[in-house]
Structure formats: structure tokens, C-alpha cells
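For reference, the structure I am asking about is given below.
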């Protein structure tokens, strides 16, 4: 497998945690995201990869009560290597997460049902746009005076059917670390779990800021 | 007792927890619901059943401070088998909860005073309506493009007087897992406690979304 | 000392906790109220009494970091029996709390700087009014279809100068368990700490409901 | 070093914690500020000084996961005495914090990305103004009937470039304990960490109150 220097550097940003530590981290983060309102009603979640494996939560379980043994292990092509300990199904987000792993060499991918994200998709049409907020600097490569755009794709009846349009949105928006899904939520990634979480917190803050500006009659730029 | 295959399957979804574990679970969930704002001022609560018993919280106590010994035990007809350890009265919700147990073979029933639910009953007349939100998929059998309706019944001076109209609303709305009570709150159920909690989180999110859409001038469909 | 049967009954509702347990309870409740947003910036607090003593927090300290040894002990006339362990001053609320203790035989009195309370004093003039909310039933003696009024008094430069008008508002509103202070917050009491806390949660919910109704164009009745 | 009596008194308000206790305190406070929404996306933070040293968090790390060994130690001129244990950079806020330490003899300086602060900078032009709120009394020297002004400076692309205008704003507003930065957040200080935290909580409450007043059509005075 030939990799570029840039890819190698990105690889070096991956987690150095043991498989068990990654499982515990995913549970801890899911609990945290639940408290932030990103994972209520069994929605949302996070997937983390190391050099050779991708760790992913099961579908339709209470994310704040996830146990380390519940986590699936996949290879870098997305094939299941290890089932969840309980009789559970892999997250329907799996094909979507794979696009960020493959196209962006992400180290972690996160899915949130935050109402801030959903409202953002209802206030904007083809893409969410905001500018002039210091919090933008939490997005790798962005400055406080840049404009941040996040593509919005339409929702589909089955989450797996989102994969093509999400993959296309990722390809067409090389500067974005996120794709919004209308009336649904947002997918966010980063080169490792810390950056994915930081990106997700910044985007959520930007979505909330746009709605508060709208409510208060403040121009969104 | 003759039961259909569907009823049998629902039974199999019931909790396999011991009586003491169910008591502890109810306390833990009440604490959690208090933190979500669903049980302030001693309001709200959850009832869970196993094969032969229904466990229910007492009335007018701080739900976030409930102790396992405080829980009442009822038979499947709603007769008290075991009083609360302290000098407390059974929840006034008991006859209301029984409708969901009997008509829907629920495994758990929840009552919330969430302000999101109350505001929903003030924004809508005979029924709450929302559509096109991914979070709807957390309601068993619903898709992201369906329309979710929740009947709204009028409040009564005494909670026990709600039982008839709640029973009627359940009968007339076989697809709903919830009944809203105007200026009061919501009753939600599921085939087990996990599903009741998931349903309640999804409905609360939908109620909040409708209000935010209204505030921001976004169409509710 | 001659007491009426009603007063005796109220006495029997007082806490049976030991002095040390009351001190710990006050710290726990202050921590809790801080998390509810009622005691930020060292504001707010709660005072609890037993048969012969009144326990009160010091002034101008971080309420969420209060220690049992910080609590002052007063006699039933409001004279300090025991100073705080640290070099601290008694809460400036002391003369205000005493009105609820003396006029209403309260078992606990609470002061909150909740923004919901402050906004309520800015949406209404001489008194806050709301009706038709189930949460009203958390106020002793109120039904879901009653109207709840809370008198609003004007703020003064020094908290001690509030005592006279607060005392008068208590006398003139015998059905209220609370007095709002304009641009300041609210005083709430109950026959024991549980009821004071329940009353405070219910009032705060009612204040929040009135503001959300206003925001959403819903009539407040 | 000649110091005035006033400076000496201020010094006496400094923390008497050991270096290790200060490191632990900074981590605890950063965790707390994260929960308040002031430090999401690695933003925000607090710096504390004792007689001879200034303790400061590193840049671009998750503030809620800070460890005591991560903290930098500086001398009173802002020169680094001790690097962070990990390969981290000093907070870009360092030159800004130094202005409050030097010009105001602050004992602690705090930076928050609270959305309440950011919205305040978008609702006001050159300075934030509010009056007639009891919570103002949490700001040292202010009364409930005073007017509180907080200067607003424009944001810059690099945080270090803010230092000059922040220093100027501090000089020109001797009664303020805070400087707002447009579309960015707020810097707040106090004579010790307790007062800096109290000031920050009061300002955040005042910023939130101004926005809620605007939303509800209430005059801001």
C-alpha cells in the first residue's frame, strides 16, 4: 500500500490507545454526547480507528449506556471482524463513516442528531454558511475571518441510502469536515478522535449561533 | 389466558431484571428524567412491569431522591400487592398507566411534565403533528418521512379523572405511543423500559423541534 | 407559648435531621440550586429550621462550594447563636427569611436569582399571574385550574431594605408561597425543606412557561 | 519592589494554595467552565497567579480533560519558567492575560467563548450596557442600580494581535473587570480566582439577560 507523506503524517495522528481503551473511550464519548443532546433516542455515535481497525457502535441502542463489549470491530475496508457481544446490529452509519475514513483518511467520525444541526438544515438550503466567529479557528485550517460552509444533503428513508450523496458531498467540498443531512443531523470527522470531537463542538456552536442570530435579528456574517 | 403470538413476542421483550433491580432502575431513571427537566416539582415518573407485577413510584415525592424501598408493587390488574416502605400514597397516574399496560401490553409507561410537551399542547389543538424528521425513526414502526401525530386530551382537575379520556385516546390512536394532556404533560410507553425511554426522548425532541421551528419561522413539515 | 393545632401540625412537618445533617443538606441543596442556575455569582441560597434553630448560609460565597462548617445558626428570633467557621458575614437575606419564618411558620426559605424569575418581574407589573397549568398542583392547596399570583416588589439598593416591603407583601398575599423582587429574583418558602424546594421548582417552571408563551405568541391563561 | 498599600491588600487576597493545588484547581475550573458552555471546542480557560508565579493552560487542548501536569508556569513578567509536561504550546491568551495581571494586579484571569458573550458583542456596538439588575452586585463595587458597561474591541486574525487593543481598553475603562471581543468572547478578571469566577458568572448572566430582554421586547434598562 503506497501512501503519501501527508497520509503518513495523518496516520501518526491516530490514537495510540489499546483496543480495550478505544472501546472504553467510545463509551465515554457516547455518554458525553448524550449529555450534550447529540445522541438522545438512541441516535448519534462515534467511530474511531487505529492503524488497522475501525471501532464502531451498534445500531439502535441507548448510546449513554453503551458498554465496551458492545463495540464492533471492522477492517479498513469496512468488513466486520468482530461482532458486538450482545445480539446487536452494526450502526447503519457504517457506510457513511467509511466515506470519511477512505476519502479523508479520518481517524474518527462522529454522527450527531443535535437539534442545532437539524435547525441549521432548515434555515439554509444547499449549504450552511457562517463567518466572522472566533470559534471557527477550532476547525483545522480555518481563521476567524474566513467563511465556513457545510454542504447540506437531503435525507433518505434508509440511512444506508445516504452513502452515495454523502460521498459525493465529501468529494465536492474538500475544505469541509462535516456534511449536514436535512431534518436529520450532521456527520463530522477529524484526523483523530480529539480533532473530530473539537470539530463537532465547533460546528454545533456555529449552528447554534446562526439560529440565535436569526432569532435576535442579527445579520449572519 | 390466551395470548396471540404478537403478545408473546412483546412479553419476551419484558425486563429480565430481579424485583430489586427493577426498583433500582426506576430510581435511576427518575433521577435521569429529573435532570432532563421532566420531573421537577415532584412531577413525572416511570412505571415498569415484569411478567407478573407492575412497579410504580409513590405520589408527590421528589423523584430525583426516590429510594428502591419507596416503590409500590401492583398486580397486572392494578391492585396494590406491596405498599411503599414510607407512609406514601400510590401515584395518581396509576389508573392512567394501567390503560397503556392493558390496551397496549406496554412493558413500561412514563409520565413527563416537560415544558416542551406542555408548550406542544398549546401550539396545537386536537393533536400534535410533525413530519420529516429523522428522529421519528426512534418511534417503533415510523420512518423519517412519515407524519407523527399525538392526540391531545384536555386536562382535568384530578389526575384520576383523566383515565377515561386517556383510555379513549389510546383506543382511537392505535399508531401512537403517547398521549399529550393539555397544559399538563405527556404519557409515553413502550414494550419495555428501554423502548419507553427511547420513545419519550424522541417525542420530547419532536415537541422541542416544533417550538423552535415556530420561533424561527420555519414551516412544520 | 400557645400554638394552634395548625401550627402544631406544621411543626410536625419540620425536619428530624440532626444539626450536622441540616448543615450537609444545605450544602447539597445549594450545590443543586447552582446547577439549576439559581445561585450563580454567589447569589441565592436556602435556610432551614428545626424546632429551635435556624440554619443559614453566609453572604457572598460560592454557594456550590459551601461547606457544613460555613453555616450560621440563629435562634427563632433571628439572633446569631453560632458564627460561620470562616471569617464570613451572615447572608443579607436574613431579615427577609425571618418574615417567612415568623409570618408563615415556614420550615425552610429559599432565595433564587434564576433568570426565569427576573424575566417574570419584567414581563409583569405588580404581580405575576398564570393559570391552567398542571404544575400549579405542586403548590400546596392549588389546583390545575386555579390562577397563581405572585406579588412583585421593587428592588432596593441594599438587600436589608427589602425587609419591610417583603413583609408587607407576605401579609397582603396570604395564599402565596413566594414574593418576586423586580430585576432581582424570588423568595420562596414551605413548611419544610422538601416543600420549599418543590414550591421553588414549580414557581420557576411557571415563570419559564410564561416567557415561552410570550415568545411563541401563546395566551397566558 | 515598591508597592502601595492597595497593592499589598490585593496581594493578600491571592491564593494560599500550593503549586500543585493551583494546577488541580485550574483543571477543575476548566472542567466546570466546559460544562457551562464557556470552553467548548478547546476554547476558553483560566490563569491563576500566586505571589511569584502565573499558572496558565496550554493552547488548543480539550479544556475539560486538562491534567495538572499540562499547566505552564510563568514569572510575573510572562516569561515561561516551566513548560507543559506534554508537547504543547502556551495559550495564545498569554499576552492578553498579562495586561490584566500588570494593569489591574489581578489574581486570576479567565477567557470564555460563551455564546452569551458573543451575542452580546453583536447586539451592542462599542460597549455592552445594562442596568438595574441585582446580579450586578456580584461585580466588586457595583450596586443594583448602577449601569454596567463593558468595552467591546474588534477581533483580530491572531489572538496575540488583540493584546494592544485589549490593553488600551483596560486602561480606558478602569471600572470594568472585563473586555468583550467581537464575535469571539470575553476576558474577565478578579483579585483572586474566586472573584474572577464570580465576576465571570455575573457578566455571563448579564449578557444572557440582555439577549432575553431583546427577544421578549423588554427595555434593557
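Just so it is clear, A, B, C and D label the chains in written order, and each chain counts residues from 1 on its own.
Heads up, the rule we're going with is that a contact is a pair of C-beta atoms (placed from the backbone, for glycine too) under 8 Å apart; a residue touches a chain by one contact, two chains touch by 3 or more.
Fair warning: this is a prediction, and the values are worked out from it, not measured in the lab.
Shared residue numbers account for under half of those found at the interface formed by chain B and chain C, and the copies are therefore classed as meeting with different residues. Think of chain A turning onto chain B: fitted on CA atoms, that turn is 90 degrees, to the nearest 5.
Each chain gets one centre point, the mean of its Cα atoms, and the points for chain C and chain D are 32 Å apart.
Chain centres here are Cα means. That of chain B falls 45 Å from that of chain D. Shared contact sites, meaning residues of chain C that touch two or more other chains, fall at 215. Taken as a contact graph, the chains are arranged in a single closed ring, with each chain touching exactly two others.
Residues of chain C that touch chain B in their complex: 132-135, 138, 143-145, 194, 197-198, 201-202, 204-205, 208-209, 212-213, 215-216, 218.
Every residue of chain B that touches chain C in the complex is listed here, in rising order: 40-43, 62, 113, 115, 118-119, 122-123, 155-157, 181, 183-185, 211, 214-215.
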